[in-house]
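Each in structure tokens, the structures are laid out below.
Paired with subunit B in one complex and with subunit C in the other, subunit A is shared by the two complexes that follow.
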Partner chain A sequence: MANAHPTPILEVRDLCVEFDTMAGLVQGLRGVSFSVMPGETMALVGESGSGKSVTAQAIMGLIGLPGRISSGDILWKGQSLLTREGQKAAGKLRGKSVSMVFQDPMTSLNPLMTIGAHLIEVLRRHMGLSKDKAFARGVELLDAVGITEPKRRMGQYPHEFSGGMRQRVMIALAIACEPELLIADEPTTALDVTIQAQVLDLLADLQKSMGLSIVLITHDLGIVAGLCEKVAVMYAGSIVEAGTAKTVFDHAEHPYTQGLIRSTPRLDDRRARLISIDGAPPSLLHPPKGCAFQSRCPVSSRQCDEKPARQATPEGGSVSCWTPSVAAWSEPSESPTGGQAR
Partner chain B sequence: MGTFILRRAFQGLLVVLGVTIVVFIATRLIGDPAKVMLPLSATDAQRAAFEAQFGLDKPLDQQFFAFIGDLMSFDFGESIWQRKPALDVVLGKLPKTLELIGAGMFLAVAIGIPLGAIAAVRPDGLFDRLIVGLSLTGLSIPQFWLGLLLIMIFAVGLGWVPTSGTGTLAHLILPAVTLAVPAMARIMMLVRSSVINELNQQYVRTAKARGLPFVRVLFQHAMRNALVPVLTLAGWEVISAWAGYTVVVETVFAWPGLGFTAMKAIGQSDLFLLQAIVFVVAVGIVIVNILLDVLFKLIDPRIKDA
Partner chain C sequence: MTDQSNRFEADHAVAADMPILSVRGLGVTFDGERERPFGPPKKIQALDNITFDLERGKTLGLVGESGSGKSTLGRAILRRLPISEGRVIFDGRDISNVKGEALRRLTRDIQLIFQDPYTSLNPRMKVLELIAEPLLVHGLVSSLEEARDQVGELMRLVNLPLDALDRFPHGFSGGQRQRIGIARALALKPRLIIADEPVSALDVSVRAQVVNLMQDLQQELGLTYVFIAHDLSVVRHISHDIAILHRGHMVEMAERDALYDTPEHPYTKVLLSAVPEPDPALRRNGDCALEAHRPPELNLSGPGCRYRDCCDKSGGHCQREAPPFAKHRGGHWAACWHVSTD
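After this line comes the complex of A and B, so read on.
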């Protein structure tokens, strides 16, 4: 905070998203706030259903019925994207300045269109290129994401590509219009481990060469440690802890973060059983009034019946907990970076 | 592609041959033409002469081989009823039926596809409910009754169009609409559910995330995928109209096409004419199927030669 407040490229302020389902109003996001600086890589971490993907969809304007953004704001370089003028501007931003890579490359491409047609479509739309120029640029892009024989590949259909190759195509599509921010929603979850590493390396290279900001959504803490500067941990629709990757891993304050790190399997670990956090996240249909993690927290107290406010940590991060920095779990939890959590 | 079509054509040839053989047997079962064509007062000698004239006095196996022999030169014999070569009669009626099917299917597709797609944009919205209701009504109305109803309202009651017959566009409207309504209802329902399904696919979501306008996502991305099953149904509609529904519609409107002629041929026990009609219908079905296969290959690159 000491440096002269540069404008974040993306800022999410107290964002709430609701889904009007048959069962009732599901609170998908319950006040999510974070910001991403130019060139920064941030991870959104959390278990399934914690609201990571909903956050990404809200940014991309993909929340469709029965969902809606009920309150909060999304700002692009300081300008709201949710006002009427903002929505117009957002239409031009999305796909151009902000783009997204999705979880499942197998179903993310139109099976009846060639890879080239996909690329040419966005290049013509956002970059105003002619058909020939768009084709040439498409070839360059495929080459840039490491697809061999790009010219021939342009004329092929998605079913002629493997999963890893398709994810490379998705990345090529996402960077086609030279975006400033790339949202990657579990980009490697559907890929096998060796391909995962290749795709992550590719993202890291692109981030360096293009000065891209990346929001990486994942539940794999190993990926976060390798790629991201900042981390925000989500639980039950809100961010419970945020900070630099190093502080969050080495000095996890929130019992949930500690539990998450503790339950990460390690190659050098000889314990027979995988450690897990007992219980399940609360239903977002009727979320608890107090701390959402209370029912699973080993150190919860009376105080936790009230919602904890977000507070700064000594290491420069933030945490929403009444009793931060307590070593919540009986055994010491070890972080993937090798440090010891307190 | 060329060998693919050739192979399909050869398979089709076998189908046509098979159908003709079945029809040969079936037509021999439906009745004795001599009884129908000759007056009740005809003598046995007259009957024998009639049968001899058309070769009906020979044993069935001999008739069969003669039939197959003639088939090779597209000779279906002479229509007993019209006293003209049967194939000429059929080919003479063909354009009228093609006109009716063309108009009916054009209406069904041109109205059914856009309405179904628009309904799918907001499932359970007001327009969607309206479309679903209309479709169900269209599906539930018996076709012959719909034809009679339309005649009563628009021809007899309002006098806007002729009750039956052919010749002008005004003659075509009611039969085409009657033929189109059930097909349109089915196409509308399928397009609707197919587009709803496609709009929920991940590739539509990614296309939206790429900032493409909804109209483009709907028509360029979702519709193309949604039309694959619709094409199957449309082909089925053409075939069912060609080999069935036109018989009903043409009979109701006295439309002088193949269906109407087929009804007459059955009434008159005109074996040779019936054989020629079924032959032409079978060839038509084979051609439609080959066209469909080719279209599928053009639309969906995942379909391999099979």
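After this line comes the complex of A and C, so read on.
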């Protein structure tokens, strides 16, 4: 799919976002670059405060005061969205060609509007459909995301839907205008595991049938492995490692990525203890001059006082570390005794 | 302080061989909506016929989705809810009906760790006040200053810096806040701790820190935990036994490794397959295999197995009669007619 189109559908170049707060200037994003090809699924992974949601908001043009994009560029099919003409075009693009699924389905729907009204509003505004056509299309969309009795459901209010159903409605809203790019900001964090699995299956299904590009924002590496081709790992406002899911999971270069993978519990893991990354991420009010992970890194050295440049890895990814591919974490005393994958 | 720790040890010696917590046929009913004004409220059976034993110094992992009754069970053991059927026996004493001063004293022995460290700590109280509050409430110290040493000791137990005593909780990260919550729960030297999703709100890398801390404390202080979780990923590392709840019923209980290696109940298998694994080889292919397990309206009335409508093995027997929660091979407890014929 991706090969037919040489230009990426979305490209983010060296993006910096600042928040002017009472305490001082908080550097939310500190030079984020990545690109998404058509039909590709990319994951942005990181802890809370690492800047993954800010990245999504910047792409959607949702950075409000006191925040602002201080430098860098966001390109849609090669066209900047941040120039004056670009901003005009972006208004039409957002919500139509680029749409977003928010984290919390409980608060993202208007409780005073029926599900149908939500869908019809979007379809009339962006697709210019008549009321009747919009209703019919809304029923189709609810059906597409696996909601039973879609006609009856159109007249119901959000409180009559369960969490998983609401997230399905959010996805139906997001795909209503047949977007080319879907940004999903922790779409399953508020859901039960079985419902989460269904929503992820739905996303994978839509991606296949519609040729959608997806940027999935999550803190759960399990979800990344299940859904995404490419991964970018964020830490303290920058991308520390990027590559295909396979290379990042199999040959993690950055100590933080290695730590993150090791601290994610696995079902076939019989270790009595989990491995943790000690300490906490640095404050972005006064980010460290050198490598942001230095204070928590087990293999840091004098060199890390300086900020490492982004370099390509042999597997085709990129990493920002002075000593990449070093096994940073010693093996625990009890090694996992070969549990079988299910 | 000294006579309290004596009490602590003396009780340990008296009944070391009997389970610290026995729950027998526990049922909890809530009043639902009224069918007509002033009519009798509909009864909602939140928990039905729950039976288990928990040994001293062990951890029971309690897993279920939202609405399964896992938090209700925790609160019923804490006696924060009226019990409508069955008995809760703590340390050889039937506590199902204690009230007044006896109930107040009971809270010294059974404490709770909350899910969300961001909302469970009063933002206007300093760490010292927060941790000393239970001591003051139970009259074990008469002033904050008197509590300072004890609080310092608790801070050491949970690896918090001593200079944190006079700070407010907003300055702490999620993991540190949860440590404050744990120190608060430990202040009264409880013997049983109900931890209601203590790490669900935390980042993956920090989750491991808190789980490991809880394990260390268990070793050091001989604590017994009931660890409530909504999925099967973290509980493996901390639990000795794991019980699965589904719609207010316990469907399976087994020793940890037995449950993961040879799950018996179909619902347990669904829960296991729903956990996203951090391994790109197990990628979702978009087939909604889990769809069948969640029909929109569950038929809970009448005889028969509660899980019959979600189960692909459901047969005539399942429709007619509910399976008992019985012991099967390998120490598995399960409520399913198909367990032995598997």
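The working rule: the second predicted complex is superposed on the first by the 326 of 342 C-alpha atoms of A that agree within 3 Å, B and C clash if a C-alpha of one lies under 4 Å from a C-alpha of the other, contacts with A are read in each partner's own complex, and residues count from 1 in each chain.
The rule is short, and it goes like this: contacts are C-beta pairs under 8 Å (C-beta built on N, C-alpha and C of every residue); 3 or more make two chains touch, one makes a residue touch a chain.
Predicted model, so just to flag it, every value in this text is computed and none were measured.
By the document's definition of touching, of the two partners only subunit B reaches A:121; subunit C does not.
Judged by the touch definition given at the top, the superposed model places A:220 against subunit C, while subunit B stays out of reach. With both structures placed on the common chain, the touch criterion links A:159 to subunit B but leaves subunit C unconnected.
Once the two complexes are overlaid on the shared chain, A:173 sits against subunit B while remaining clear of subunit C.
Of the two partner chains placed by the overlay, only subunit C lies in contact with A:273; subunit B stays clear of it. By the touch criterion defined above, A:261 lies against subunit C but remains apart from subunit B after alignment on the C-alpha atoms of chain A. In the overlay built on the shared chain, the residue A:60 is in contact with subunit B alone; subunit C does not reach it.
Here subunit B and subunit C are compared by how many residues of subunit A each touches, and C touches more. Contacts of A:96 after superposition on the shared chain: subunit B is touched, whereas subunit C is not.
Residue overlap on subunit A between its contacts with subunit B in one complex and with subunit C in the other: absent. Against subunit A, the residues of subunit B that register as touching in their complex are 201-203, 205-212, 220-221, 224-225, 299-302. Per the touch definition, subunit C reaches subunit A in the complex via residues 65-66, 173-176, 203-209, 211-212, 215, 230-234, 236-237, 257, 260-261, 270-291, 293-294, 296. Interface of subunit A with subunit C (complex): residues 47-48, 146, 148, 163-164, 192-198, 200-202, 204-205, 207-208, 219-227, 245-246, 249-250, 259-261, 263-278, 280, 339, 341-342. The touching residues of subunit A, when paired with subunit B in their complex, are 60-62, 91-96, 99-100, 102, 104, 107-113, 121-122, 125-126, 157, 159, 170, 173.
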